[in-house]
Amino acid sequence: MSSIFFQFLQALLMLLLAPLAAGFISTVKARLQNRHGAGVLQPWRDIRKLFSKEVVLADHASWIFRFAPYVVFTATVIAASVVPALLPDTPLSLTADVIALVALLALARFFLSLAGMDIGTAFGGMGASREMTFSALAEPAMLMSVFVLSLGAHSTNLTTMIHHVLSTPLLIQPSIAFALVAMLMIAVAETGRIPVDNPTTHLELTMIHEAMLLEYSGRHLALMEWASMVKILLFATLIIDLFVPWGLSLDANAAGICLALTLWLLKLSILFVVLAVLETGLAKLRLFEVPQYLGTAFVLSFLGLMIHYMLEVQL
Amino acid sequence: MNYTLSLCFALVACGSVLLAAMLTPCWQQKSNIQRAVLSLLLGMAGLFACAAGLTGLASGGGSMVLPLGLPWLPMHLRLDALGSFFMLVIGSLVLPVAVYSQGYLRHEKRLTPLAVFLPLFVLGMMGVVLSDDAFAFMLFWELMSVSSYFLVTHEHQHPENRKAGFIYLLMAHMAGLLIMGSFAVLYTASGSFEFSAMRDAELSPLWASAAFLLAGFGFGIKAGVVPMHGWLPDAHPVAPSNVSALMSGIMLKVAVFGFIRVTWGLMGSGDFQWWWGALVLAAGSSSAVTGVLMALQQHDLKRLLAYHSIENIGIILIGLGLGMLLAQAGHPMLAALGLIAALYHTINHALFKGLLFMGAGAVLHSTGSRNMEAMGGLIHRMPWTAALFLIACISISALPPFNGFVSEWLTFQTALMAPQLNGTLLTVIVPFSAAMLALAGALAATCFVKVFGVVFLGHARSDIAENAKEVDGWMKLGMAIPALLCLLLGVLPALFIPVLDQVPQALLHTSLFTDTASQNWLWLTPVDAEHASYSAPIALLGMLILGGLAFWWLHPKGAILRRSKMWSCGNPHTHARMQYNATGFSQPLRRIFAGMYQPDEHGHAERHQHKLLTTRVKYVVHVGDMVVKHLYQPVGQVTLWIAKAIRREHQRDIHAYLAYTFATVLLLLALFT
Amino acid sequence: MNFFIATLLTPLLGGVMLGFIRNPRLAAKLNILTSATTFSFSILLSLQVLGQESLETLDGWFYLDAYNVFLVALTAFVGMTTTIFSKPYMQHELDIGRLNEKRMRLYHSMYQLFQFGMLLGFTTNNIGVLWVSLELATLATVLLVSLYRTPASIAAAWKYFILCGMGIALALFGTILVFFTSFTVLGHGNEALTWSLLYAHAADLDPAVMGIAFCFLMVGYGTKVGLVPMHAWLPDAHGEGPTPVSAVLSGLLLNLALYALVRFKMLVDGSTHSDMAGHIMMGFGMISLLVAAMSLHKQRDIKRMFSFSSIEHMALMTFAFGIGTPLASFAALLHMTVHSLVKSGIFFTVGHAAQVMGTQRMAEIRGLIYHHPGMGWGLLIGTAAIAGFPPFGVFMSEFLLFTATLESYPWLTVPLLLGLLIAMGGLFRFVQPMVYGETASHAKPVHVNMVPVYVHFALALLLGLAIPDLLAHWYHQAAALIAGGGV
Amino acid sequence: MSTFLSQQLIDGLAALTLLISFALLAQHRMLSVLHWFAAQGVLLAVTAALVAYSSGEHELYISAIMTFLLKGLLLPWMLWRVIRSLHVHREVEPLMNNGMTMMIAVVVTLFSFHVIQPIAVTSELMTRNSMAIATACVLLSMLMMITRKKAITQVIGFLAVENSLFFAAIGATNGMPLVVEIGIAFDVLVAALIFGLFFFQIRHTFDSMEVDAMNASLIHKDDEE
């Protein structure tokens, strides 16, 4: 029973922390750029404001356009709630393994792109085309890097994989390192951050994610934005779970949970600071350099796989 | 010979299509009656085929002997687990197509050929599934090919259709001959054409490989496996859409059936050699990726779908190949997993590809065009078609909670069994093929965003799209059935897989579902729950609840929602031509994979008086199929070249021929005395 | 009464009678009548044989066994249907002035004489008479081929005459050689030429002589069968003669030649106890198959094209008989039957089509299926049948032949399949645009009788689905006879 | 007369026949070709009579007479008529030069002897040599058909082949049974008649006796692309 309660707690945390995470990243970036920044809570204010605003809908927007935000939001949140943040094994974590998780995100992306094409603006189509293309290239790379771990753990269930990592003695495994780098690169691409895409940009021919949201307003926009924030948090947590899961509480007692929560927040903040530093340091890639970028990630993860077989598997 | 309920159902199904083929010509003049009879009997056939399949899987099949065929070889029919499953596949698509045809064929001018050959085509497929000796198999197989040829060339006033038909028939015949070859090899081993004897026959590894290769190439050609696929994208689109649905949906599956029947069934997993599985896996991966990449560059709707058939056949083959590898490595249970993944994808593809072709047919029916560049905004004029088509798009893109995802998920799970294989090479290749599968899936999603976005969303790009009308009830119903099935198979796989499990039990004598896995209908857990689990019902439920909550909470009572011009970054006066079209959408991929496509592009700007004053810009791109260019055409040219040389010999004068005879006599005498 | 005599005399007398009848319409009717009578007699004859294994009459001049009895019936049947087809066809030729009454008289009379020659050849027990009858049939068809008296037809007939004359001469020499060794065994009389006796004493014949004899017979009768490289006469003769003649040439005359060849093969095998004869036949068969199949891809004239397809199928049979196993022989016999039916049916259709379009050039024949659906479907289905698609009999025989080949000479299956595939491609490459496509403007209304065509195809279909026991029994016996063993 | 002597005579006649075949092959003038052909016919008749006498098979006399009338008189006369009415007693130009032809002829003759050799060893027949000669004659006559352009010379070649066959029948097997003989003879006659009929047709349609001219009319239908 308590596990179910913690499950919901965890999901809720994910949901509520997401905007804060986004705020955190932008604040850090602002500080790095010697600006004061809008503060950590700014995304929350935006969302609240957007909820209360009216929706302006293009004349011939079809039901797809209005339906999409809910699909995108729910799919992302369900995916997020599967990822263990505090407890490795929660009832829902069996609902979807890594592959299903990727698929849920893909579903969200599918509808996002459709929504982008619904109005029939040049920007929407452009965004959809690029988003789908790049994610298509990113997906195999991501699965490859996940396989490196799941082949070791003989499982694609996050819980089992976490247990596997926890149980194995901490020693340098080059394959894991390769997989980690690849995963980080993919995560940046999937969440649409610099150097692949620039979330703060508008009215540029280089934009990808934002181009699909141009026509949105009010609560629809809010849901879309929120979903993308959740996605960032999700990837961060996923990386933490797969590579540095130490600290998750194996049984559902208050003390363990608190410890896990603090550790989780710590790890997150470190990760996000790194991300912010990278985003400040790097420039955005030219559009057709992105495939090379993703290709590199794929090759890295494949190398990781081969190394795993050649060095680490005792046949 | 034992008659069972399932077998009787199957026979009734065959009987009713045969009846249809015989009766329909009687109403040459009254096309309404003709159409009604056709749809009715076809529908009956579909229904009974489903019944046969289900009962066959549930309570075992039967066998019988007909006094047809060779004098010393009567026709053996048998309905086993594998056959039952494919009967189910056939039935589950024939039924909706029958309903659909009732509406689709309303304005068909020359109905009679369709009304004769469509049932014969279905009969052929059912017969292949039922037949239990090589001769019957070949008989029905070729019946299937020939009748489908007549269907492909139905609209033969267009030269390109005739060409497509010709190539199709040629390739089908080649396939038939190769398959005959593999049967003949088995015959020499067993001394009989009956499958029962072939099963028991012992093959030397060499001959086994020969039979495998013959069967592989034969069925591979028919299934459109890369690089033998050249005929498929030409042939499938030109047939009437209901036929295309059957061809892509079932006929390719019958080829898959044949492959399983010969390799898994007749030779048996005992004879497998490791490179067989590797070959099948490689063929599968290449088909999957090539198919989808080619599909992305098409703007003829049905042609695009045809290329996606190639992709999906590839996915099925990946599952089969993994199964063969695992079976050869001595893990029958994991092999069963691969087999089930393949079979599951088989029925899934039958359903959503059938649905997609029917949807394309609906679009074609109401716009009169297959060219996506002329579409746009159809969702407003054909809401039903759009919704149903969308379901198919999600399914084929392997997205939860629909069925496409389940089978691809199972295939992934099989691929992750690679460590069980012996040999590092394979254990690396296999995950790589899994990555290819992932790539194919993601690209498929891209492609169908393009399809749905360009055809149904946005503004109408032409008058035909502007004036499109929604199709009639029959066609809607015909499309609704598979759509519903897609959802069911996607949400409740745990209920369907135990039914499927009969097939590996028959072929591998092992069951996938040991006690660990068979938990309840909520959880899909091959192998065991620790290993991997997926619960579509919970995910769907969660999404519904969450979405409902969000909607209920956010959607204010007095809905504040204002309609206005689109914003479009402050430039609302955009022309429909300014939208991204199919060609534009796939431009990034065309550029990324330019090495593979080798597109020939022509950009051209018309300038007016001044060199800065560009009046119109024209951009033409064509992406041809490399296989056709580098494999098919050269063969044709060589043939013609030889033919020409021989014809020159036929134009000599009489002395030359006398000399030939003279020389022949001398030669014979010299040789044989 | 003796049905041998009846079967043989009917066409002979009919031929003589038709030589004097001026009214073409009446002549056509009588032509049909004569052939019908012949056919019914042949049926009675075969029923008579049905009881016993074989039948000899007139102190051994005539002989029927399982091998030739159904060939007699087949010949008579195709002969009859051809006359039915030729009635409207020749009438139309007469109307458009390609022929006159005099020639029509020649046509009818020669047609019956040809029938006589065929039946005599099939029924006779004397290899000398066999040769004579084949020569007779040849001469009759020479006159028929040149019937139109156009330059091309004259040239074709000349070519036919010279090449076949030479061939047939070689065959005669072979026969003489056989006699040369046989009269030492069977005495200096007709017995030495009587096949049944020769077969009985085959072992005593001098192998060396028989070997040489077979070389000559192979080339000689092979010319008539249309085997490469002695085939040059065949396409021209088919292309230039009237269509009914093309039909019987392909459907019957080639059969007779092959029949004779196989009869001699049986003797040679009995004498030499080696596969020499078989290997020779297989060689010719394979080469002819490939060459004919290839030639199918470059054709202009529709009848020439189908004549090449005839070469291809005769080649298949020769190959099958060459293999010589019971299964192969069975396949060959079945193929002989089905090919005669289907190919003559195709020629009927082609003839009508050519009349409708007023040309034999395939480039100008278009869209049959629009203005003459029956004809279009006929041609399409016929081609599918001859190309070896089920459920027609050709498929069944090719299936059996393939298996037989694989049993005896596995590696020969490769060129065999290749040949079949190429041939099928060649046929459809040209047939498809003729049947399909935009409707042709210059189509003339012609009185067409498609009944014989459909009858033939229906029979081929029946043989493809299930061979009647009676026929199967005959095939089995014949195959056993030819191969010396049971299927 | 002893069989041995008759055998000697038959062999001699055989030699003559071979000689005539060579002569036919070598000849250039149409009329002399015809003469040699007639001579061959007469020679055959003599051989038949001789064989009839020696072997005492009296039905052979009939065929001897038949041969004389048909091949010695009738056919040459018919051909002569044709030649005269068609004015084709010009030189016949062969396809290849004479020496070449002769070379081939010699080779062919040797070859045929080589082929018949095994029989000569195995068979106990006395007439085996004449079989070898007959084979040679057949092949030589075929060679003649090949190397001559004129339709008429082709026909003469054809008839020469028939003659050689007949010689084979007589000389090597003491004659085929009468029925067959008659049948063959009848066929030859009919063939000759048809030939004659053709000549006028050809002349009428092609106004040339060149075979190539005819061939052209067949080729054109295949030629255009």
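Letters A, B, C and D mark the chains in the order given here, with residues in each chain numbered from 1 onward.
Here is the rule we use: a residue touches a chain if its C-beta (ideal position, glycine included) is under 8 Å from a C-beta of that chain, and two chains touch if they have at least 3 such contacts.
The structure displayed is predicted, hence computed values, not measured ones.
Of all chains present, the one whose mean CA position sits nearest the global mean of protein CA atoms is B.
When chain centres are set by their Cα atoms, the one at the greatest distance from subunit D is A. Spacing of subunit B relative to subunit D, judged by their CA centroids, is 69 angstrom. If you average the CA atoms of subunit A and of subunit C, the two centres end up 78 Å from each other. In this assembly, the C-alpha centroid of subunit A lies 100 Å from the C-alpha centroid of subunit D.
Centroids built from CA atoms put subunit B at 35 Å from subunit A.
The set of subunit D residues touching two or more other chains comprises 115, 118, 142, 145, 154, 211, 214-215, 222. Within subunit B, residues 647, 650, 652, 654, 658, 661, 665, 669, 673 each touch two or more of the remaining chains. In subunit A, no residue touches two or more other chains. Checking each pair of chains for touch leaves A-B, B-C, B-D, C-D. Across the complex, subunit D meets subunit C through its residues 57, 115-116, 118-119, 122-125, 131, 134-135, 138, 142, 145, 151, 154, 158, 161-162, 165, 168-169, 172-174, 176-177, 179-180, 183-184, 186-187, 190-191, 194-195, 198, 201-202, 205-206, 211, 214-215, 217-218, 221-222, 224. Listing the residues of subunit C that touch subunit D in their complex gives 126, 128-129, 131-132, 135-136, 139, 142-143, 146, 149-152, 154-159, 161-162, 165-166, 169-170, 172-173, 176-177, 179-181, 183-184, 188-190, 192-193, 206, 208-209, 212, 236, 239, 298-301, 304. Listing the residues of subunit B that touch subunit C in their complex gives 67-72, 135, 138-139, 142-143, 145-146, 153, 156-157, 159, 162, 165-166, 169-170, 173-174, 177-178, 180-181, 184-185, 187-188, 639-640, 642-644, 646-647, 650, 652, 654, 657-658, 660-661, 664-665, 668-669, 672-673. Every residue of subunit C that touches subunit B in the complex is listed here, in rising order: 158-159, 162-163, 166-167, 170, 208, 211-212, 214-216, 218-219, 223, 229-230, 232-233, 235, 276, 280, 291, 294-298, 369, 384, 387, 389-391, 395-396, 399-400, 402-403, 406-407, 410, 413, 417, 420-422, 424-426, 428-429, 432-433, 436-438, 465-467, 469, 472, 475-476, 487. Every residue of subunit A that touches subunit B in the complex is listed here, in rising order: 51, 54-64, 70-71, 73-75, 77-78, 81, 92, 94-97, 99-100, 103-104, 106-107, 109-110, 113-114, 116-126, 128-130, 132-133, 135-141, 143-144, 147, 150-151, 154-157, 160, 203, 214-215, 218-219, 223, 287-288, 291, 298, 302, 305-306, 309-310, 313, 315.
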